[in-house]
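Next, two complexes with chain A in common: one pairs it with chain B, the other with chain C.
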Partner chain A sequence: MYDTIVIGAGLSGMLAAIGRAERGEKVLVLAKGHGATHWSTGCIDLLADVDDPLAGIAQLAIQHPHHPYALAGPAMIEQGIARVRAIGEAAGYPFAGSFNRNLLLPTALGALRPTAFAPATMIAGDARQLRDGRPTLIAGFAELRDFFPPLIAANLRAQGIAAEAAQLTLPPTQRQHDFSPVTLARLCEQPAFRANLGEQLAAYVRKGGYARIGLPAILGLKHATEVVRDLQNRAGALIFEIPTLPVSVAGMRLYQILEDELLRLGGRIQLGGFVQRAERISDTLVAVFSEAAAREQRHTARRWVLATGGILGGGVRATPDGHLHETALDLPLQTPDGRAGWFAPRFLNAHGHPVFQTGVRVDQRLRPLDAAGQLVYENVQIVGGALAGYDPIREGNLEGAAIATGWAAGQA
Partner chain B sequence: MDHIELSLTQSLDHCIKCNICTSACPVAAVTDVFPGPKYVGPQAQRFRHAAQPVPDASVDYCSGCRVCNQVCPTGVRIAELNARARAQIVAERGMPLRNRIIARSGLVGRLSSGPHAPLVNFTLNFAPARWIIERVMGIHRHAPLPKASTYTFRRWFKRRKPATNGRRPQVVYFHGCSTNYYEPHVGKAAIAVLEHLGFEVIVPPQRCCGLPLLSNGDFPAAQSHHEYNVAQLLPYARAGIPIVGTSTSCTLTLKEEAPELLGLHGDDIRAVAAGTYDIFEFLRDLHQQGRLRTDFRPIERELPYHPPCQLRAHRIGRPVLDVLGLIPGLRLRESRAECCGIAGTYGLKREKYQIAMDVGKPLFDFVRASGQDLALCDSETCRWQISGATGVATRHPIEILAEAYGLSV
Partner chain C sequence: MQTLSTDVLVIGGGATGTGCALDLAMRGIRCILVEKGDLTHGTTGRYHGLLHSGGRYVTKDPQSATECAHENAILRRIMPHCIEQTSGFFVITPWDDESYGDVFVANCHRTGVPVQEISVAEMLRREPALNPRISRVFEVHDGSADSFLATHSVALAAREYGAEIRTYHNVVDLVRVGDRVVGAIVEDLRSGERIRIDCTYVLNAAGAWAGKIAALAGVTVTVVPGKGTMVAMNHRMVNTVVNRCKLPSDGDIIVPIHTVAVIGTTDVHVPDPDVFGIEPEEIQFMLDEGEKLIPGFRQYRALRAWAGVRPLYKDKDVASDRDIPRTFKLLDHEERDGVSGILSIVGGKWTTYRLMAEQTVNELARRLGNTQPCRTASEVLPVPRFEHRAHAMVTVSTDPAAQTPHYWLGKPLALVESEHAAGDLICECELVTRDRIVAAIDAGAHNLDDIRRDVRMGMGPCQGGWCIYRTANLLYERRCADGLSHTHANEAILHFLQERWKGLTPVLWGDQLRQARLDELIYAGVLGIHRLRALAEPGGGLVTQHPAIATEYVQA
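After this line comes the complex of A and B, so read on.
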């Protein structure tokens, strides 16, 4: 019997679990597998399309009182992010940034992406620094798929940044095939591999006088800060990482420090535990059943946090006959009327597509409500992408809203 | 199309190519010869057809640890895809003699154990003999082989005076090959604990669960073992008598591996699967029902514990931590290593030995760094691998539980 069981191991679930474990509770995180964090940039987006995220959030909360940010409140946003930053700091993987001004960091296409906080390994890529007129080198390996320095540099130049591109030679290694970001990250933690990489970068700096070098986010899995520091010393230039396509090494690092923290606090994590139904007594959730070999496993707890994500995270699924359903507890969803209402007529519709706002409607304490506004469970809270009424990808607040609501559920 | 085939076919489309499996795969992390679960699983599967030659043999380097299944965010059954693909290769190309032998752990155990066991053990510890075995058989000369026992568990069980004091609830014990031929003490501890808890323990005739055959791709032989075991266990399962096992890989095979991989879904097979429990899963259930005795002697120790892949594949959490956590003073430190590398018979093979050692390195480092002279693990081959690599003694957690109950084994 646990005090709290959290369903889902993304950012919101981990923050809720850490919060409750810190209060001395016995906590279990049940998750189907690894997920959204491993696909993410490893940065903390608060709100895109604004200069001052915190002011933008305050505005948003007034306009949309049911938005997850409005429900969590500004204190939970700031405290939750402060907690993530403290965890990063203690793990030697600090985050930098500000609540009041978005960073603009290059993507793997050379676009500039607003985000509030980024790991220190990415911070020298902020466009305001890159625009100081000094030359920047974007470098990568031909062996790494989906990362093309010439494309990135060309797009940065089009945005007024003096960027050039180089393809590095893969340092000697036993590995011959398939250089995924993770393979390269493991190699970067080997001193000989890193030394060779550093020599190549130093040669480019001597030749081109680069002040900064952008590399794919493959600079170590466990010791990224040290890897970047070491490469900066060898190269004689600032180094910044650019997030890659999934699997994202920077996303894995973020998940890892949260997992480490939860386990340190005595919490447990069960992966491969796909929750598929609930057992209730009146408006109390008493147990959930997760899929297991030969039969289901029954789990009991006093309180519950549902953090399974939205359509992206797999917490909401569509059936072939056009119904959307919540996968773990079969909660009522706030969803467009009928399949015809899922999508806007234009693919690049300015307000996004209604279906992506599908989620569970909640009360002020994040507890699930049905279509009539009646409380479904008094001891369940919904956090992160499973919440209704926002489109985290389009709004650019995936991490911020997850952390704010997750932290709120961990505190209340 | 049976249930697993359907889910396998569908899972090709569930795969969104996110590479989480390949990033977590402990084998792909250490070698190039295995391109990773995504490639040999959902991707290569599109090129595998019943009437056509197997497109790629690299799937044979899948160790079957199932870490891929565990981390997949969309529920693809990658390890099962791989196991079936390997069986297709074996059906098409035949099976090397070495695999035929090591896949028959019951036969090997029967030949090794008994009064002549010291001679067998001496030979298998004798470097020149191991060199010859490696050359002739392809079993790596340093691979961890268990010590044969001078007596079998079944023989001990038959000869002992059964504890009879009135009618007691019954439980069936599935001992598996390793307990019978190599580690009877594990079975003795299990019997002692179950009897201490008030059960009458039944040990029906049984064969190897068939897992080594499944993981080496000999599906027809595995099926005959499984059908035999189901026939033996069915009366108990039908009568609601739980079947418990100390070998977490045997119980997984009875529950899921054999039915799913072999496509056996009859009522009898299902009944036995649904009635089978890993012993700590069973004990945890008893505790949840308030039926587990907790008159433990304190054990003031901190021990490293490795939850093996086969246990994790049950998808039941960490029953050992739940149950041993009740013992006053005992603190278990859980390993977070993905796999010990051995994966049953995988790490015995000459061409895979080094991969297995590289896969297991984080675990070996963890066990060594604990500074303890004892580590716990639910799976026999993992225990042998850990002890072989680190020199640290290993025990099944049931032995610690018996000790905490003050039972002499």
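After this line comes the complex of A and C, so read on.
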């Protein structure tokens, strides 16, 4: 019997688990697989399209009192993020940024994306620095299919940044073909590979006088900060990483530091356990059953955190006939009225698609409510993407809302 | 205004128009083909890909059945690289009239459609996913055909014979002198320039749009745009074409083609071939019908839905659109309407495109005093360069199926493996390598959708999640020296994402809904493409936004 079982291994679940484990509880993270962290940028987005994220969040909480940020409260937002930053710091993978001013970091298309905190490996890419007039080089490898310097540089130039593009020659390796971001990240941790890379970058800097170099976010998996520092020294220019398409190496690093921290605190993680049903006594959840290795496994705990995500994470699923259901505990969901209201006609319309705000409605303590507003379970808390009434991708708070609600559940 | 001159101006770059251009060129008749979109942009690129055995028409439309059976054998010979020899079943399910089986066989014999009854046990051995409650099974020579590739092959041959093919050229007017049509004014949609094309004959091969073209000459052609909706499923749950053995109706056929199985179709009259929607009920109905053929059909992942408009020619009052004969008709507007210099070829279906072209060009040749015979039934078509490597023989396998000149499902993978090209896959779902994408770009793609039609990029489960980004970048890198700027590349991505979205929304549930959200994370989250909207504009030789080629899906 665990004190707390967290279902789901994304950011919100990991933060909740770390919080409970810190209090000396016996904690299990039970998940189908890794969460959406592996798909995202590895940055911590708090709120996009505002100058001051924290002020924007305060405004949002007033306008939408059921928004996850409103439920978590400003203290949990700040403490949760402070905790992640402390974990990063201790792991040698620090995050830089501010609660009160968004960074603007180049994407792999050359758009400038607002985010509050970014790993130190990305920070030199902030547009305010790039606009100082000194030349920036965007460089990649032809072998990497997820990063194309010329279009990035052209789009940056159109936004007032003196960027140029270059294709590097892949340093000699044992491997002949198929260079994914993860493969390259591992190669970057080999000194010889890095030395060759550094020489090429130094040659570009000598020729073009570049002050900064943007590279795909493949600069190491476990020792990224060192890799970047070493390359900077060799190249004689500041280096910043740009997130690539999934699988995101920077996302993997963020997950990894949290996993290491949870294990250090004595928590356990069981992946491959797809929770499919619940056992209850009155309004208490006593056990869940996961599908694992040709049998059902029964897990018991005193309290529970549901962190399975929304439609993206797989915690909410739709049937062909237009019914949405919560996959683990079959909790009631707050959904748009009817399938006709699920989507907007334009894919990239400013407000996103209503179906993706589907989630579980909760009380002030993040406990699940039914349509009538009655408590469904007194010992279950819902965190992250599984919560109703927000669109983390479009609002630009994917990591912030997950961390805030996850941390809140870990403290209550 | 630039003026061109030719013998025959063919309007329409679908199977029929392109087939006519080839036939004309082979006989030494000068011709120019204009198409307002890409080749196959209209109905040819939006059908389920069935190479008809003729079985579907043996009862209601015997002439079509005979034509199909005849053309089926010819197409297998002249375009093996476009055809998969799947074979086909007509099956009687518990929902069908048992007595139709004998009628079906008798009508097959009468119309010359080869047919053979096989046992249900044999059927289940070959296709274990089919409903075991099926009572009778008749095997016919159905196949599946890549209509994009076929049309490109025909166009390539036509060009080699001297035809001029101009895509993204929209006919804005026909020039009439008295009662004679003497040419057309066309707009190049890439540049906005207008060109006058003088000709001896205009051949209206605009399919569902033939009525609109005829109207420019002041004549009435009643084409009933019959909308057919189809759904592509992410599995080939069958490797044989499966038809319900009954009179043709909605949702009664499953066609395995490339990596997917397509269920079709509906038949809904629409007033305008450019304005139609996909109704949720149509999708639900087809899933229900799919369940009857393959129990558990609903549980498979639906990839996308789309609709095409059949170019049904309405000669006289017929009860329903499905009762309009599927055969074709060549309209001589001089005899019919007193307007000379223009012919319209209407109706028909993909499988009979070559025959339609032959008969049409016979008539044009006679009028032009050309006595060359038709040779399209015997000359094997060339393979476009963007397909070339995939078409090469795979010698790594000893399986005789691997050595056939016909398309087979495992061929693209076998090639990727033999070339160790896994690291060079731009579209991983459909196994499209960088070389093939670049070849499609060099062949003159006018937007990402053209490349999709050429090499199937973006047609797999992720619906472009990774490959849109990659392909747009390759397009930019390849063509930036020719005036394609970052703003055009940005616009190309935005345009393609929206085009895909139209086909996705009707089938978004389960994993495909999750996929759509992941694609949103990639494009709106990780890449922030919407932040580049101010840096996106049409141009650079790409055609993205233009009213002439915009299909307005009305939201159901």
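One rule holds for everything that comes next: the second predicted complex is superposed on the first by the 409 of 412 C-alpha atoms of A that agree within 3 Å, B and C clash if a C-alpha of one lies under 4 Å from a C-alpha of the other, contacts with A are read in each partner's own complex, and residues count from 1 in each chain.
Heads up, the rule we're going with is that a residue touches a chain if its C-beta (ideal position, glycine included) is under 8 Å from a C-beta of that chain, and two chains touch if they have at least 3 such contacts.
Everything numeric in this text was worked out from a predicted model, so none of it was measured.
Of the two partner chains, neither chain B nor chain C is touched by A:84. In the superposed model, A:314 lies in contact with both chain B and chain C. When the shared chain is aligned, chain B comes close enough to touch A:35, but chain C does not. Touched residues of chain A, counted separately for chain B and chain C, are more numerous for C. Judged by the touch definition given at the top, the superposed model places A:394 against chain C, while chain B stays out of reach.
Once the two complexes are overlaid on the shared chain, A:122 sits clear of chain B and of chain C alike.
In the superposed model, A:109 makes contact with chain C only, not with chain B.
In the superposition on chain A, contact of A:270 is made with chain B only, not with chain C. In the superposed pair of complexes, A:231 makes contact with neither chain B nor chain C. In the superposed model, A:176 makes contact with both chain B and chain C. On chain A, the surface touched by chain B in one complex and the surface touched by chain C in the other have residues 36, 39, 176-178, 246, 314 in common.
Of all residues in chain B, those touching chain A in their complex are 18-20, 22-24, 29, 32, 35-36, 39, 69-75, 252, 255-256, 273-274, 276, 288, 312-318, 321, 336.
The touching residues of chain C, when paired with chain A in their complex, are 280, 284, 287, 298, 302, 420-426, 434, 465-466, 469-470, 472-474, 476-477, 480, 485-487, 489-490, 493-494, 497-498, 500-501, 505, 508-510, 513-514, 517-518, 520-532, 535, 555-556.
Note for the complex: chain A touches chain C at residues 36, 39-41, 107-113, 143, 145-146, 148, 150-151, 154-155, 158-159, 176-179, 243-246, 248, 310-312, 314, 317-322, 339-340, 342-343, 345-348, 350, 352-353, 355-356, 393-394, 398.
Listed in rising order, the residues of chain A touching chain B in the complex are 1, 28, 32-36, 38-39, 174-178, 180, 182, 186, 246-247, 252, 263, 268, 270-274, 290-295, 297, 313-314.
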